[in-house]
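Just below sit the structures, each encoded as C-alpha cells.
What follows is a pair of complexes built around subunit A, which joins subunit B in one and subunit C in the other.
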Partner chain A sequence: MNARRLTSTVWAVVLTVLYLFLLAPILIVLVESFDTSSYLRFPPEGFGLDAYRQVFANEAFREGFRVSGITAAATALLAVVTGVPAALALTRLRFRGRAAIEAAFLSPLLVPHIVLGLALLLILAPIPLTDTYVGLILAHLGVTVPYVVRTVSASLVSADPRAEEAARTLGASGLMTFWRITLPAIRPGLLSGGIIAFLLSFDETVISLFVSGQHTVPLPVAVLQYVEYRSDPSVASLSVLLVLLSVVVVVLVERGLGLRRTLRSG
Partner chain B sequence: MTADPADGPARAPEDTRAARPATAPPAVKAPPRGRGPGRLALALLAPGLLALLLTYALPLVWVVRMSLNESEEGGAIRQTLSAATFGHVLGSGHYWNVIGQTVELGVLVTFFTLLVSYPVALFLARTTSRWRSLLIALAVTPLLISSVARTFGWMAILGTQGVINKTLTGAGLIDSPLHLANNFTGVVIASTEIYMPFAILAMISGFGRLDPALEHAAASLGAPRRTVFRRIVLPLTLPGVLTAALLVFVLSLSGYVTPRLIGGGRVFVLATEIYDEAITALDWPVAAVLSMLLLAVFGVVITLYLRAQRALEARFTGPREAGS
Partner chain C sequence: MGDTARRAPAGTAGHLVLDGLAKTYPGKDGAAVRGIDLAVERGSMLAVLGPSGCGKSTTLRMIAGLVPPTAGTVRVDGRDITDSPVHRRDMGVVFQSYALFPHLDVARNIAFGLEMRKVPKTELKRRVDDALSLVRLGHLAGRRIAQLSGGQQQRVALARALVVEPAVLLLDEPLSNLDARLRSAMRDEICRIQRETGVTTVFVTHDQQEALSMADRVAVMNHGRIEQVGTPEDIYERPARPFVAEFVGRANLLDGTAGDPDGERTSVELPGLGTVSAAGARVARGRTAVVMLRPHRIALTAAAPGTGGARGTVLSAGYAGETVAYRVRVGDTGPVLDVERPTGAQRSFGPGAEVELSWDPEAPRLVAAVEDSEPAEAAEPVRESLS
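Presenting the complex of A and B:
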C-alpha cells in the first residue's frame, strides 16, 4: 500500500514538472508582458502597462497587424471559396482518380514551409509579386486550402445526403438544395475551416518571411525582426493581446453560430 | 447558369451553385460510374486544383528546376541543366556540417520530446479525473501562441539575464551564468517544448488500443506493475509513439524560427541555411539544392517510419492471432 502511494506521488510530481516545462514560456511571456523595464531581464523591475502602451505606439506592429489582418481575411475567403466546391466533389461525387485528387489536396501539408517559402519566392519574385498583398495571399493559399477541404469534407460526410436527395425529389433545384440543405448542414465545418485558415495565415511566419519585403510586412515577420535585434517586453504584451484576440474571435463566432441555430429552430 | 466555373477561384461560390443545376443529374444523385471526373466534378474541382497548381505544385517544380541551374560570380544565375550546384554543395564540408547538425538536432529534439510527452500523454489517455478535459486543454494551449512568442519566452528563460541564470546566481549556486542560449543546447531545450503539444496530441490519438481492462487483467493475474507496463502498456502505445516521433522529427528538421532566434546566428541547420542562401546571399541554385537535400532527408525518415510501422504491425498481429 505504501509503495503504491509512493508511486502515485512520484507520478504527480513528474506530471507537474512536465506541465510546468510545457507552460513555462507562456507563463514567462505573461509575467514579462507587465514588466516596466526596457530590457528583458529577470526578475521584472516593476509591474505596469507600459509594454502594452508600447505595442500600440509601435508603427511596425500596427502596420503588421493591418497587413496580416487583410491577408488572413482574403486568404480565408479564397480558401473557402476554392475548398468548399472541391470538398463537395470529393465527398458527393464518384469518379476515377478521386483518391488521388483527394491526396493531392492534402499533400501541401507534407511539404516543409521552409521549402515552400523558397519555392514561392522563386516563382513570385520574377513576376514580381513579392512584397505585395497578392503575393502574400497566394503564398498562404496553398497551405490553407487543405484544412478547409478537410474540415468541410468531414462535415459533408457526417451530414445526411438523404436530406439533399429528398429536397431534390421534392423539386428543389440544385442551387436551392445547396443553399437550403447542404450549406446549413456544413456551416460548422465551413466556419471552423475558415477560422483555421484565417489563424494559420495570420500566424504564418516562415513562408511570409520569404515573400515579404520592406513594404508589406505581416505581423509575425515584424515581430521576428523586432525580437532579433531588441529584447524588450513589448513582444510579450503583443503575444498576450493576440491570444486574447483569437480567443475573443473564436468565442464570438461560436456564439454567433449558436445564436443563429436557436433562431433557426425557433 | 451562365457562370463558367473555369473562370477562376474568385468566382467559385456563384460557380458552385450555378454549376450544379447546369448538369442534369444533381451532385447528390451522381451514380458511381467507372469513368473519369464528369463535367460537374471537374467544374467543382477546378478552382481548388487551380489554387493548388499556382501556389504549391508549380512553385515546387520551380525549385527542382532551380537546383539544376548554376550561380555565377556576382550573383547572376546561369540557366542550364547540370548537377554542378549539387556537386558544389555535396563537395563542401560546410554544407555536410549543416546537414549533420540538422539531423543531430532532429534526433535529439525527437528523443527529448518523446521522453517528456509520453508520461503526459499516457496520463491523459488513462485518467478518469474530472479535470481531464482541462488538462488536455492545458497541454495544447501552447499551440494558441505563435512559436515566435514562445521562443521569445524561452529567450527570457535561458538568456544570461534570464530566469534560470538569475535564479541560480541569486541562490549562489553558480558564479558565472550558464550558456543556455545562443547555442545548440538552447535550441534543443526550446524546440523540445515547442513540439511537445504536437507529440502529446499524436500520442493520445494513437493510444486507441490501450484498454484499462487489459492492465487490470494482467495485474489481477499477479503481474507486477513493471511487467504490466513492459508487456501491455508499452507495446500498445508504441504505434502512437512512432507517429509522434515522425511528426516531431519532420517538424524539427524544417523548423526555422527557434534555431534562428535561440541559435543567435551560431546554429546552422538546413532551414536557416536555405533562408540565408536565398535572401542574404541571393544564391538561389544553392538554396534550391539545400531544399532538395532537406526533402531527401524527409524521404529517408518517412521510409524508416513506414518500415518501423510495418514491423510493429507484424509483431502486433502475431500474438493476437495466437491468442484469439
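Presenting the complex of A and C:
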C-alpha cells in the first residue's frame, strides 16, 4: 500500500512540475500585469490596476480589438459557410480526385505562415486588397477553413447517412432534409469549428502582418507595433485579457455542448 | 404446382409491379440487378431472399427511389413512378440501421413524415398516438432515441414509416440487428402489424427462415436475377433451380441421367443409388438431370443382408440435440449424402456403421437439367393468378 501511495505521490509531483513548466510564462505575465512600474520587468515593483487602465485608454489597442473582432467574426462565419459544403462533399460523395481535394483543403496547415503571408501579399497587393477587411478575411479563411472541414467531417462521419435517406422517404425535400436532419447532426462540429476559426483569426499575427496596413491593424499587430517602441506592463495586461477571452469562449461553448449531451443521454 | 410463376406481365393486377428493373454501376463489371420482373399483390407480404451481394438491397432501394434504375419501371397502382423523386413516392422505408433521428424524441421522429405533409396539429397528434399504440410504445413517446433498446428502435422505425400510410412498406433486413430471442418476437410483431394495417410489404433478407415464416410469397434472388418466386412451400418443397434448393434449407443435389417421363414424373438413373422417379422439372430423355433430396427426408436403417435398397457407410455423425446430422457415403465410391434424423425413438449410428438408405417416393425432386442455364421459365412458367 505504501508503494502505491508513493507512486501516486511521484505522479502528482511530476504532473505539477510539468504543468508549472507549461504555465509558468503565462503566470509570469499574469503577475507582471499588475505591476505599477513603467517598465516591463520581472519581478514587479508594485501592485495595482494601472496597467489595465492603460490598456483601455490606448486608442491603438481599442481599434485593434475592433478590427480583430470584426475580422474574426466574419472569418468564422465564412469558414463555416464554406467549410460545411466542403465537408459534406468530401464525406458523402465519391468522385474522382476526392483525396487530392481533401489534401488541398488541409495543406494550408502544413505551409509555414511566413510563406503563406508572403504568398498572400504577392496575390492581394496588385488587386489591391491589402490593408482592407476583405483581404484580411480572405487571408484568414485559408488557415481556418481546414479546421471547420475537419470538425464538421468528424460529425458527419459519426452520423448515420441513412437518416437523411429516411427523411427523404418521409417526404422531405433535399433542402428540408439538410435543415431538419443534417444540420442538427453536424451542429457540434460546426460550433467547435466556428469557435476555433474565431480564436485562430483573432490571434493570427504572421499572415496579418503581411496583408494589413495603416487602416486595418488587428490587435496582435497593434501589440507588436506597440512593443517596438514602448515596454510597459500594459502589454502584459492585454495578454491576460486575451487569455481570459479565449477561456470564457471555450468554457461557454463547452458548457453549452456538454449540457446538451447530458440531456441527450440522461 | 401452378404457382411458381415469376413473370408479371405488364398490365396485370399487382399493387407494386416491377418490370425489367435493372441497375448497372459505372466502372463495375456486370450488373448489380439484371432485369427484375415482379408483382406484389395488394396487402400481401413479399420476401426478397438471397445471399449478400445478390442485388436484393439495390432492388429495394430502386423501389424506394434512392437508387435510379438503369432500365425498367416501377409501378404502384398502375402508375409509373420510376422517375418520381424519393420524397414524392409515398414509400415507407425501414432501414437496417433504423436511421432514426437522434436529435428528436420518439414522438417527433414519428411525426416527421406528417410534418412534411403539413398535417394539422390535432390530427398529427392523434395519428402519432395511434402509431405509437400500434407498435405498443405509447409509454415511451417522450424518450430520446439513444435511451431505447434495439427492439424499441425497430418499433419506432416501423411506426415512423407507417404513420404516413404509405402505399408500400419496404423493410431492409429488418431483423438482422437484433439478438436471436428478440428476433423471433419482432418477427411475429412485424407480421401482426402488417396484418393490422394491411399495407403491401416488401422485405429483404438473407435469412431463409425469416423469409419462409413471415412472407406470403418469396422471391429468391441470385447474381442480380430472380431465380424463383412462389409461396414459402413452393420454394422449399418445389425449388425450380439448383440454387434455390441449396440456398433455402439444406439439400443433396445429385446428378443423374433422365429416363422416360411417366406423367408428371421422370425416372432418373442416379449413380450408386439406382433409378428414382421424381416430379418437378421436365428433362429430355438421356440428358443430365439434377435430383434434390432433403436430408431430413432420408431414413437410415441398419443394413440387413438380402434387401435391395441403397447401401452406405456412415462417415460422421454430428449430434445436435433435436437431430443427428450424418454424412453417408453411398456404396464404396458413390456420392456422400447429408442425412438428418430426429433423435429419441430413432436408432443412432456411429461412424463406420453400414446402413441402408430409404425415402418415400415423393421425396426426390427433379430440379433442372445441369446445362440448362436459362432462368426458371424452363421449370414451367405459369402466370401469376389474378386476384
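Please note the rule applied: the second predicted complex is superposed on the first by the 232 of 266 C-alpha atoms of A that agree within 3 Å, B and C clash if a C-alpha of one lies under 4 Å from a C-alpha of the other, contacts with A are read in each partner's own complex, and residues count from 1 in each chain.
Convention: contacts are C-beta pairs under 8 Å (C-beta built on N, C-alpha and C of every residue); 3 or more make two chains touch, one makes a residue touch a chain.
Fair warning: this is a prediction, and the values are worked out from it, not measured in the lab.
> Could you classify subunit B and subunit C on subunit A, in the superposed arrangement, as clash or fit?
Superposition check on subunit A shows subunit B and subunit C fit without a clash.
> Quick one: is A:Pro184 in contact with subunit B, with subunit C, with both, or with neither? Answer first, second, both or neither.
second
> Quick one: classify A:Leu242 as touching subunit B (first), subunit C (second), both or neither.
Only subunit B; A:Leu242 stays clear of subunit C.
> How many degrees apart are subunit B and subunit C as seen from subunit A, counting from C-alpha centres and rounding to the nearest 10?
If I round to tens, I get 90 degrees.
> Taking the superposition as given, does A:Asp160 touch the first partner, subunit B, the second, subunit C, both, or neither?
It touches subunit C, and subunit B stays clear.
> Comparing subunit B against subunit C, which has contacts with more of the residues in subunit A?
Comparing touch counts on subunit A for subunit B and subunit C gives B.
> Which holds for A:Leu209: it touches subunit B only (first), subunit C only (second), both, or neither?
first
> In the superposed arrangement, does A:Ser173 touch subunit B (first), subunit C (second), both or neither?
A:Ser173: touches subunit B and subunit C.
> Measuring by CA atoms in the overlay, how small does the subunit B-subunit C distance get, in Å?
Scanning every C-alpha pair, the shortest subunit B to subunit C distance is 5 Å.
> Residue overlap on subunit A between the subunit B contact set and the subunit C contact set?
Comparing the two interfaces on subunit A, one with subunit B and one with subunit C, the shared residues are 165, 168, 173.
> Residue numbers of subunit C touching subunit A in their complex, please.
Contacts found on subunit C: 64-66, 86-89, 91-93, 95-97, 99-103, 112-113, 116-117, 144, 146-147, 160-161, 164.
> Of all residues in subunit A, which touch subunit C in the complex?
On the subunit A side, the touching residues are 159-160, 162-163, 165-173, 176, 180-181, 184-185, 264-265.
> Flag every residue of subunit B that touches subunit A in the complex, lowest number first.
The contact residues of subunit B facing subunit A are 5, 9-10, 12-13, 15-21, 26-38, 40-41, 43-45, 47-52, 54-56, 58-60, 62-63, 66, 116, 119-120, 123, 135, 138-139, 141-142, 144-157, 159, 161-163, 166-167, 190, 193, 196-197, 225, 250, 253-254, 256-257, 260-261, 270-271, 274-275, 278-279, 284, 287-288, 291, 294-295, 298.
> Can you list the subunit A residues touching subunit B in their complex?
By the definition above, subunit A touches subunit B via 7, 11, 14-15, 18-19, 21-29, 32, 39-43, 78-79, 81-86, 88-90, 92-98, 101, 104-105, 107-108, 111-123, 138-139, 141-143, 145, 149, 161, 164-165, 168, 173-175, 177-179, 203, 205-206, 209-210, 220, 223-224, 227-228, 231, 235-236, 238-239, 242-243, 246-247.
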